[in-house]
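Note that chain A is present in both complexes that follow, paired respectively with chain B and with chain C.
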Partner chain A sequence: MTTIVTTPQVIERRQKGPGWGQVLLAAYVLLFFAFLLLPIAIVVLVSFSSSSFIVFPMPGFSTQWYYRIVEYRPFMQSLLVSVEIALLSALAGTVLGVPAAIWAVRANTNAAQVFTNVMLAPISVPAILLGFSLLYMLSALTLGVSFLSLLITHTVVAIPYISRTVLAVYRGIPADYEEAAAVLGASRAQIFFQITMPLIKPGIFAGALFSVLISLDNLPLSFFFGGASSSSLPVVMLSYMQNQFDPSIAAIATVQMLIAIVALGIVNAIYGVDKLTAA
Partner chain B sequence: MSQPAALPIAEAGEATLRSRSGRPFQISSGLWALPALIFLMAFFIIPLAANIARSLPAEDMFRFYAVLFTDPYYLGVVWQTVKVSAITTVACLLIGYPVSYFMVRFAGRWNSLIVFLLIAPLLTSIIMRTFGWTVLFARKGLVNTMLLGADLIEKPENMVNTEMMVYVGLIHVLVPFMVLSITSVLQGVNPSLEESAQILGASKLRTFLTVTFPLSIDGIATGCILVFVLTNGSFLTMLLLGGGKVTTLSLLIYQQFTLTQNIGFAAAMGNVLLLFALIGMTIQLRFLRRKGVK
Partner chain C sequence: MNASVPLSLENVTKRYGQTLALKPTSLHVAPGEMLALLGPSGCGKTTTLRIIAGFSMPNTGSVLIGGVDVTELPPNRRGLGMVFQNYSLFPHMTVGQNVAYGLKTRGMPAAERTKKVRAMLDLVRLSNFEDRSIHQMSGGQQQRVALARSLVTDPKVLLLDEPLGALDRNLRESMQFELRAIQRRLGITSIIVTHDQEEALTMSDRIAVMAEGEIVQVGTPIDIYERPQSQFVSEFLGTANIFDGTLAGPAEAGMWNVRLTLPNAPVVKVAGPPSLRGSSAIRVAVRPERLAISPESTQLRANVRGIVFRGSYYAYELDLPGLEKPIYVYSGEKTVAANDGTIGLGWPDEYAIMLSDGGVR
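Our next item is the complex of A and B:
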């Protein structure tokens, strides 16, 4: 009996449960996610429509639009270009950005600070300005509208996305580990590949994943370089949309989403996405 | 790179002393940054500098900027750019803050699901999301069909191609950035501070206004600057959902490039956007530095 008397507060709280304010907030959050996901869900739905224009209720179910996008050469070609550019620019961004970030974290100088700001700046510069400026620059170098130009442009944006996460991760790692290895006689190469790299790997993976996702969808950068062999998917989708309004856009958008999900899945399988957010 | 390798393994006190002198062991040298530096010089700094030169024609240096800031039409576009970005930013803050608050205080084991749902839209293209709004609100779209079915309207209304739709599209794309920015700061706010305020007699509203909100101001600032700058740079939403009713600098650059090919003028407009971005970056750096001091 006495135990019950001493815990009236606990009982009272348990009976009250969540307050109405909390319930209201939870309802709001549900509504928020409905808003966030509804347009995406509706596109996936429309991609299976049997009608050749967008109409509700949908007359029937069909996978014809998926056949249509496979047959429509510009879609497949540009999808390939987009995936190649996304992967290659992430790779180039890693090769250029990671060593630079490693240096910038440990070098305790003003120059390193300025360099860090420059390295991160391409994220903040409006992409349309960057694409526009680079088009004229690369044309002057006779590269003009080409695959290489597109790759260079996307690499400029890949560098900050990759170095940003590497900077954050490497900053949290004390120099002691590398120092200890050096004291124990490890060579520079050994320290780099056996100590530094494993420690900053989460940062590289997270940054590269971001970079790939951004690159796949970077229309403002890409549309300046939309030549025959260098049109990326968003560029082709935009010009298709301005002429036609049929569900094949929904189908190709769904395919693009699936590719992004697969990319996330691969990183998850190799590395674990929970580790990415922990970084 | 001095002689740390020659030192015996330091005791704790010695180690802090040495790092205070600013010379811990460093695997890298300035050479490591050289490739990135050269690349960014060639393909980032120089192109932007050339673009500034391009916007200043030799015969009449400030001609383009003079038109931009005196001609009523272009001045209107500059004004609309700032207006659209400001409204979008405030709307994202108002819509996003409660979600952040819920995530940090109440989500518990649902938290990782919520984070996933916030990031999920980033896996889809902006074209897809914009197209989704068109499908929902077009003349034969879902909303019209439903309203017709419920006899709420007599004939289908075109709800796409309005200013409202542009805001809906922009908020939809940008609000996750706001929520993630605020959440990361709000996570560091100790809930016992709020409890203390309430125990001392503050109402829930007052607790929020005088404790929670001020403590999350860094996240709010980061989120607001991010959303503002990103809105400035976007033109796809205006192009696909605005139907020519909302013209901002980015959209005008796109149009100048595809239609009129007025290079110098497009360059000048781009530089105005760059100026907005630089102002945003400066404010952000200020905030980060202040945080570093704390």
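Our next item is the complex of A and C:
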């Protein structure tokens, strides 16, 4: 038997350049980000304006508006109120919302199903309506316009954000882990703190983060509770804008945005945002 | 009750809405025994195991562990060990922490805990894996961690719910032997749930075959295989050739003549209880490896439909006139059919099994 060996001819294939589709896609992505980020970028830019009005393009550069917002007490005071309310309502929402979510997932009853839907109510009715009715209710309870009322109001909204995310995470965790722990002798409390909590932590973090960001930015609810010690930053910003139109509003907005970014950064550092969004 | 019985079920039933998932069931497991709960999907194996573990409250009856009624006790106070089908290792703990968990809940001091965990990891051949994360372990290794975790607390009874179901075939077989060896070494009373008949045969001292919410037969693997009581059991464990017939009268000691419902009504001898009478309908099962074929003429002649080489044996598929289903014969040799394409079929009398009923379903 003979074998004929031939050298295979090498065929050079022409490499295709990027097609029209790819160019269009790149243009679209660029446009998309411009649409998303340009307004924000302009606000940040304007906060460094030397003009006493909000104009764009701006005549010159100055940091005067940052001095102005630090000196203007209502801004600083309401910023503190906003941060306090955001953190405390997230905490209260976690304490109240997590057990509710856990029950709703594992209780295999119709009541749990109804509850899961009703839990969404505070974020599905118009915020104005919710704020208005809470004002009535809390006034009837003699709490009226106060820091506590504001906190309660924000907690009402924090609960659905937190319990819904925890609910989603917890649903994906089979009961086996908890059952395995039970067979190994764990009490209910041990199961909750040593098994369940660590497993739903991503959900708690994500929900609490959402609720903090929502609370920081919430105007319609806070509006009803804006007293001397309980005006949140958005409320003060709105009333400021009704009288003045200088770039200090852009400066305080930039500060608020920075706080949100820092909050995200902290959570990312200790937890990783990719894990949050995966939840 | 008897304290030397590690585990018994007394007339336990479980109902889910309208369906009776578990008909009245009693079961006694002997010390150090490995008992397999074997049955098709949905027959109530998991239901039974969950009642024993305490996750599910039976509607009637009691569960006794070491002679003590534990029916009302929650799972964490039953002192059992359990291996779940998907292992359920805690993903936020290391291998060592997983194994130590059952000792931690019992309040064992850390130093003592570490010692026991090490010893147990040695036993399952995972000595240097203590600090590994669960995600870094292969399926077979996870299986062994789960086993170590359930054994380290010295449970009174070990429950295994399809423990090898998630492993591939080769690993499965080696794990079957390993699991069995560890169970024997520790002498731990165990119940293994499986729907794999081979697994039940290799691993257990006794098999409880379940069907539609009840235990239909309990016995040693040989017992169940060689003397199935119903068509269901004969067909669920291995392959069985089923022949219908009628009682034709007593033969020698303990044997009966049975006339098979086939064209020329051949009479065969089958062992059966002395209480039979009249011309009752009889169903007979013969295992494929017990059937003998030859080119010579015998009472039964079948047409060869196909022959498949299966490595250690040939599987013959035969058509027997008068039977709807094909007959299967496993034989070590290749037998050539006669010129007319037929082959002679027969079996030694002792291998004919009389089934007591038409079988479940």
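Basically, the second predicted complex is superposed on the first by the 257 of 279 C-alpha atoms of A that agree within 3 Å, B and C clash if a C-alpha of one lies under 4 Å from a C-alpha of the other, contacts with A are read in each partner's own complex, and residues count from 1 in each chain.
The definition used in the following text is that a contact is a pair of C-beta atoms (placed from the backbone, for glycine too) under 8 Å apart; a residue touches a chain by one contact, two chains touch by 3 or more.
Everything numeric here is computed off the predicted structure, so don't read it as measured data.
In the superposition on chain A, contact is made by A:Ala104 with chain B only, not with chain C.
Shared-chain residue A:Leu209: touches no atom of chain B or chain C. In the superposition on chain A, A:Leu199 contacts chain C only, with no contact to chain B. By the touch criterion stated above, A:Val81 is placed in contact with neither chain B nor chain C. Judged by the touch definition given at the top, the superposed model places A:Ala251 against neither chain B nor chain C.
Of the two partner chains, chain B is the only one touched by A:Phe33; chain C is not. In the superposition on chain A, contact of A:Val183 is made with both chain B and chain C. In the superposed model, B is the one of chain B and chain C that contacts more residues of chain A.
In the three-chain superposition model, chain A touches both chain B and chain C at residues 176, 179-180, 182-183. By the touch criterion stated above, chain A contacts chain C in their complex at residues 174, 176-177, 179-187, 190, 194-195, 198-199.
By the touch criterion given at the top, residues 53-55, 74-82, 84, 86, 88, 90-92, 101-102, 105-106, 149-150, 153, 159 of chain C touch chain A in their complex. Chain contact summary for the complex, chain B toward chain A: residues 4-5, 7, 9, 15, 19, 22, 24-30, 32-33, 35-37, 39-40, 43-48, 50-51, 54, 95, 98-99, 101-102, 106, 112, 114-115, 117-118, 120-129, 131-136, 138, 140-142, 145-146, 172, 175-176, 204, 229, 232-236, 240, 250, 253-254, 257, 263, 266-267, 270-271, 273-274, 277, 280-281, 285.
Chain A contributes residues 18, 21-22, 25-26, 28-29, 32-33, 35-43, 46, 53-57, 95-97, 99-100, 102-104, 106-108, 112, 115, 117-119, 121-122, 124-130, 132-134, 136-137, 152-153, 155-156, 159, 163, 175-176, 178-180, 182-183, 188, 191-192, 196, 213, 216-217, 219-220, 223-224, 233-234, 237-238, 241, 249-250, 253-254, 256-257, 260-261, 264, 274, 277 to its touches with chain B in the complex.
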